[in-house]
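Following: one structure in structure tokens, then a few remarks.
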Amino acid sequence: MSKQKVMMGNHALSYGAVVSKVNVISAYPITPQTQVVELLSELCSNGALDSEFIKVESEHSAMAACIGASAVGARTFTATSAQGLALMHEMLHWAVGARTPVVMGNINRSMGPPWTIWSEQTDSLSQRDTGWLQIYASSNQEVYDSVPIAFKIAEHKKVQLPVMVVLDAFFLSHTSENVMMMDLDKAETYLPKYKPKHKLDVNEPYTFGALTTPEWYYELRYKIQKAHENAISVIEEAQSEFKDMFGREYGLVEEYKTADADTILVAISTAASTAKDTVDELREKGVKAGLLRLRFVRPFPFKKVREVLSSAKKILVLDRNLSPGIGGIIFQEIKSAMYNESNKAPIYGFIAGLGGRDITTETIHNIFEEAEKQDPKNIIWMEVKA
Amino acid sequence: MKKDGDKIIFENAADLPDMAKSMGTTRFNKTGTWRNERPIVDTDKCTGCGICWKYCPDMSILEDENGKAAIDYEFCKGCAICVEVCPVKAISMVEEEK
Amino acid sequence: MLEIRIHGRGGQGSVIASKILAYAFAKEGKFVQAFPEFGVERRGAPVAAFLRVADKPINSRSKIYKPGHLIVLEPTLIAAVDITQGLKPGGFIVINSKRSPEEFKEKAKDSTIATVDATEIALNNRLGSKAAPIVNTAILGAFAKLTGMVKIESVIEAIKEEVPIKPEENAQAAQQAFDKTII
Amino acid sequence: MKYTIPKEELVHPGHLACQGCGGALAMRIMLKTLGKNTILTFPACCWSVIDGPFPYSAVKVPLFHTAFETAAVVASGIKAALNRVGDPKTNSVAWAGDGGTFDIGIQALSGSAERNDDMFYFVYDNEAYMNTGIQRSSATPKGAWTTTTPVNHPKATPKKDILAIMAAHKIPYIATASIAYPEDFTRKLEKAKEIKGFKFFHIFAPCPPGWRANPKDTITLAKLAVETKLFPLLEIEDGEKYTINLPKKDKGKPIEDYLKLQGRFKHLKENDIKEMQTFIDKKYNRLKILEEISQ
Amino acid sequence: MSKQKVMMGNHALSYGAVVSKVNVISAYPITPQTQVVELLSELCSNGALDSEFIKVESEHSAMAACIGASAVGARTFTATSAQGLALMHEMLHWAVGARTPVVMGNINRSMGPPWTIWSEQTDSLSQRDTGWLQIYASSNQEVYDSVPIAFKIAEHKKVQLPVMVVLDAFFLSHTSENVMMMDLDKAETYLPKYKPKHKLDVNEPYTFGALTTPEWYYELRYKIQKAHENAISVIEEAQSEFKDMFGREYGLVEEYKTADADTILVAISTAASTAKDTVDELREKGVKAGLLRLRFVRPFPFKKVREVLSSAKKILVLDRNLSPGIGGIIFQEIKSAMYNESNKAPIYGFIAGLGGRDITTETIHNIFEEAEKQDPKNIIWMEVKA
Amino acid sequence: MKYTIPKEELVHPGHLACQGCGGALAMRIMLKTLGKNTILTFPACCWSVIDGPFPYSAVKVPLFHTAFETAAVVASGIKAALNRVGDPKTNSVAWAGDGGTFDIGIQALSGSAERNDDMFYFVYDNEAYMNTGIQRSSATPKGAWTTTTPVNHPKATPKKDILAIMAAHKIPYIATASIAYPEDFTRKLEKAKEIKGFKFFHIFAPCPPGWRANPKDTITLAKLAVETKLFPLLEIEDGEKYTINLPKKDKGKPIEDYLKLQGRFKHLKENDIKEMQTFIDKKYNRLKILEEISQ
Amino acid sequence: MKKDGDKIIFENAADLPDMAKSMGTTRFNKTGTWRNERPIVDTDKCTGCGICWKYCPDMSILEDENGKAAIDYEFCKGCAICVEVCPVKAISMVEEEK
Amino acid sequence: MLEIRIHGRGGQGSVIASKILAYAFAKEGKFVQAFPEFGVERRGAPVAAFLRVADKPINSRSKIYKPGHLIVLEPTLIAAVDITQGLKPGGFIVINSKRSPEEFKEKAKDSTIATVDATEIALNNRLGSKAAPIVNTAILGAFAKLTGMVKIESVIEAIKEEVPIKPEENAQAAQQAFDKTII
């Protein structure tokens, strides 16, 4: 008995936390995330959500509060964006090392200075080395569904890692779309109460995080890497169970007309959604175009990516982010993932849409065109006023 | 995970907890080796007032069967606080064997 | 695919209007996107909101540059900003104004224009104050009337579900505007 | 043997504190009084090392080591979680050094205090960053040597007045405590246990290597700090009601008695000491006035 | 008239700041960096260094103070490590966007939790997406020399970006080695007073960093990328000038017996130094081994790396760092840099030495041996108690 | 025309403040008094938007926009640099909102104050995070509605007492100021210019959209805040010498006068208002006592 | 970089400063369009006391040749503060043309 | 390549000893590395420091597991820790002790052992107090005597340049230890 609503991405994210029955929320406002703290404050205060909301004085503290609460065994949630995410950075590393399965929404906004509030994925992608799992959504339905899925993965005994659910500023956060809501009871069947394997407990008192010499630190890190590797099958299970219960299907990646494609575009987030229209148009013109959207950037879906790209003749990567010095982050990730593969098709890297500049179907048409002319060694800047 | 007295022995990564969860205690660390000098209680003088016990930062003052102070040499670091605080000067420091 | 732009001032509820209208369309089985101008506009400053409506899921998640139709919450804006920028010919324009549609004809020759005195309707329903009347629900009634794209019943249902304060009055305002729209 | 404070030990011997560590003793007293129903949080500080290396620990209650600047808010998070998924009667306790409190942790501390979260915050004050090797903190007294305030430019500004800052937060309970007065400390802990909201303890904890002092003098120094009125024992309720517990007499011992046992003050000239004495007297008088007006 | 000293890496770093005549220092202590703040405090207070030292309450503030001072046109320096670096994170992004040429020493220490103080490069490498230039030293002489070189690059009008000088905890920071000191006057000829192109100036009052809409944010980021590209030749010039004046030669990378090598090991920092001995031993056994040490990780020396690796039959990458999910960061960087190249030699990624576990010549021997047995698709963990 | 405050404008019109913005007026008065020899730092706050988009700016002096939590320390860095490579007489000025001061910026602020860096710090207090759309800050008064303190659970803790916190730092000069009393504000600025060290100004700055008030009432509200003793105009020297400038009379106007012009207090019951009045009276009395004992 | 009145025009990236360095002023932004109502000064009543000038957050009160208040309609946002503070009620708000 | 390990207690100056000795070697044209145990040892706890010396630049930057020679600042440590762990046969051991070298013979049969009463020498030169004598310079004189690897003049020069407090007294202590070493 699911109900349709029209809601902005920020509300979809918040209701995702509601159906996940989170116990503790701690968050700090920042444009373009504010509707999340506002709606969750409202829902906590009117009883629709039975959760503690710790109204902290910074994002750094928000993440720290979530980590502390999670260590006691509470299901914890926060949300932020850009500067807030960056300010949390030390605690992002912390959540991973402490193996606290916090789930966080991040609204992609470009990094200052200069001040900016518009969409770009540099904020979250530049956290790629912290060990967080990252889900990039491309619709509000996906945002909503991804929250309980994220908890299910995060809390899994073979994973025990924090997960970020990432959505584009404005293009999703502030855009209202059709969203099918879950039934609360059914959601609880999908995602039962969190039962932690390790927790702070006066009846079984242990110390967590004591100084660790070179004797065992190495192995503790090794276990984090293994948890990332384990996460792949855990995700597949969690998403197939989700499909069985709610009918909506998600993969590690989304393939769109890739099966017979000569040229495959790799992208994430809303740009990947927009690209579907371009692929359709190109197909109409007889161009064998396809799209590979990475829904998960961490764990990096190596196997899937390699499989999908194995027979492409040309691989294009669209990055709405910049790692200064190397160009687009997804470009680097894809090249690296494909290096030791037998398919040696050239991979082209395109930058577009930084700082909220729009990425339209035309932009993506231009990318397909530019690929014909350019050297893959260069970083190709789309629509830059160079 | 195995225990060898106060020491904890892991076989390998699989044997470790998922994060640094400490299951042993610092009793594994015999800080008695830190001492250059050792406190000696003169049980004749000692009144059992408990003041040295109260102030020892290393839980190294024990109570003997007569209610007098006794030193736990396995852990006593030799700071001499007990010597300082004893109201009847029942404790004194002597050099450790070299 | 329908693409609609709404003009108003910061604080006037253009974004809410776009959301309610989107919801009304969704109730009729449509796929929708409603979004504000992505900016830092302040109370009083001219702002816009947007709406896409389609029969199948909407993939494109870029902005709207060439709207087919317009809704204008605040007539003083017509002097202040170029409201017809990018407007496709042959669309509908609804304006909150006491004046007749003809008076706006020169602004958009190819469009079908309707006017409604949403301000008066709002005030009659005790929506807002004279200095700041709440006209964003009333005007949607006029939109339904002018375009016929969405049923007034859907609009009214959407208003009742989405407007937390005075839902009945807002719904009534939409109905009255529907009735009083001058095309 | 006579036990004037609770007998049970909740700290293990073998911990890694230096000989004569005041901070180690402070923990011993605190924990035995608060008891087993306690969850600890330590930010980076000497106690992150004292506690011992993984897989060992010196405390008998659950302990979460956290980042340097986060002690207070992690304890807030722990308390919130206890309210939802645990026992709301469990004490959530942040235990931090002066650096983690006066400096890098003050923002999180201010936040938890402002929300009046139901928790304990203890600062064991050894007046510098000791774990990293004696660098100045804002708790370092004016005139003291540290490795970052060399003797030709010793610390120029006075010790930050953390009590006044916390009092400004109008939290229900603030107390100072000293390892030289365990019974006073224990009494205050028992009192604080009954209070809901944010409880802040400022503990004076001499550090022999950091103060260039003899380990045996740890208690003597802590006692002198009180007797010279440098560190009066007091309580502040609701940020306004001041009660001075000790020293009883208004005329304290001269500050030289305290200074001369410490290498970190060796370079001070007579004038510097005089200035310090004036500062102490003035500050103590103000406390007296605050005590008076709150009656 | 240069003088030999024996000094620890932390002092080499500090004296590097002294010969650079920095104007403003702001730093916060952290093991294993403390000797830097201690020595600089001492030198500022005894007049050996005429600089303001702002003793801040956190690393976040240290970087913020440096950015503010740099914006006025002061030459600014700081140093940190691990948690401190992570805590600065938002300001690391800021220094790049604001184009403030701050120079920072970072002592590589592994990230908590659990607490650890030992060497590992994850702390600085996980800042790779912030846009900072990064120099990885492998001797104390190099640490010392790299500070004035770093300022020269950072302040160059075609660059204007902050630079990190990175050294291993303990293996350099606390190890005393022979260091040839520079003459102060000569150093000033090499690195004259900083003359900023843009600064806060009441006589020419401008605003920096105002809200920037999608109209121009994109191009400002493009300029940062260009600055990274410009940096390559600026570095080459700065280092050749350094060689002319001081006789010590540094490249973007260091090549060791790579010219005719079949198997090239890529590494950074002290592990690369240790590897030289292994290479020598292998050469003695007739194995054509070589070593490529990346001295600069940003700007990434694409051209050099591609050139050196162009004819290797096997490429091994040693990472003393972990980006959970993908393995070693240098491994990823190298694969990505080589993807569109004609040499498709397999690239093997090895992890070793996390959390300060020692990397000895034997470890590196084992790496060369493992490469014969392993699949390059896997992350190969050396000496892990798996 | 009669000019009772400096005539020269150092703010450009066309800025992006809402109609009737108190914060915009505060800047106008501050800047015209401090003058051109000033370098500004803004953290994230309404003023980061008010200032206008790149390549435009609303101020006629150099301005560095910085991260939300860093205003104070960036101004410290600027001052240090001015001492070395510029004119040490140039004013280094941090200008921040209440969120950037009471909450996320309090640590950097406390650090600069502790070092007694020679600079100005201004907080324009509109009692919430306005730039992001009216979320509670720790400056939000108890009982007020914001988007994160809904009317059924309005803010539960009182406004953080930033003056007491800053006074605890013993900085040479602290003042409150109001846009309704520009001459008082200007006088204090002139006085502060002559003082070396850390100078802190707390400015009351009504925000029509955030307070659900009519833009025309901005000055009226600011005046009522003083007249009701909610926001007395005062000075604190060296953290201890209190001088209350206004209101002169001990019996202020009733707080209702102030509350009723604002939508954010609309839900308050009679009892809530009474409690608020008691709180104000008590706080004011304590100020009076502090003023007395510092004579 | 070119200027077109109060507007600044960049050609391309090369034309931009290296970072967001603002060289223009907010005078480019004619906030007069924000008004629904406009203030009108009755110069007969106006005493030139300067109070409205002092309180205008938008620097939109000018002095006319007679020392009386005059409104800068290019920027005045219509907040009506001046109406409120004028001691002689010399300013009033009227609706803007629709 | 020489590899030397120094044993002492936290606070006794083992690391400084390793640095001074390294500097002395460097003065004779050697390449050196001196480093502490990489730990968190506290005052009083047993600690170690290390030294590498070679004729050409030292590439290897890993720890020392098999030292060739030992210096022991504190005789009580011999009971507390296994000082000869990893020690290569045939090396030199210098111990601060009143006792004769023979008494330590069983600890390391293949090594050449020397003793010197560095504590007494230190106290005679007013270096430190009885509870905490500063023996780290004196013992280096004994090392020079025993091993002949480095000239006592170089050690003394290094001490004078590197020790900020009482350099002369420290230098003199080294010389006296050199003279009094019992091999």
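Order of writing sets the labels: A, B, C, D, E, F, G and H. Residues in every chain begin at 1.
By definition in this document, a contact is a pair of C-beta atoms (placed from the backbone, for glycine too) under 8 Å apart; a residue touches a chain by one contact, two chains touch by 3 or more.
Just so it is clear, the model here is predicted, and its values are computed rather than measured.
In this structure, the chain pairs A-B and E-F differ in their number of contacting C-beta pairs, and the larger number is found at E-F.
When you average the Cα atoms of each chain and compare centres, the chain farthest from subunit F turns out to be H.
Farthest from subunit E in terms of Cα centroid separation is C. Centres computed as Cα averages put subunit A at a distance of 30 Å from subunit E. Rounded to whole angstrom, the centroid-to-centroid distance between subunit C and subunit F, based on C-alpha atoms, equals 40 Å. The geometric centre of subunit D is 33 Å away from that of subunit F, both derived from CA atoms. Across the assembly, subunit E contributes residues 55, 57-58, 83, 87, 90, 94, 97-98, 112-115, 117-118, 206-213, 216, 219-220, 222, 227, 356, 358, 384-386 that each touch 2 or more other chains. For subunit D, the set of residues touching two or more other chains reads 16-19, 48-49, 51-52, 54-57, 60, 65-67, 69, 103-104, 106-107, 110-111, 114-115, 138, 208, 214.
Residues of subunit G found to touch two or more other chains are 10, 12-13, 17, 19-23, 31, 34, 77-78. Residue ranges of subunit E in contact with subunit G, taken from their complex: 97-99, 160, 197-198, 206-210, 212, 216, 219-220, 222-223, 226-227.
Listed in rising order, the residues of subunit D touching subunit B in the complex are 1-5, 9, 11-22, 24-25, 28, 51-52, 54-58, 60, 179, 182, 208, 214-220.
Listed in rising order, the residues of subunit H touching subunit E in the complex are 18-19, 22-23, 26, 31-36, 38, 40, 58-63.
Put simply, subunit B touches subunit H in their complex at residues 31, 33-37, 77-78, 96-98. For subunit F in complex with subunit C, the residues that touch the partner chain are 16-19, 49, 208-209, 214.
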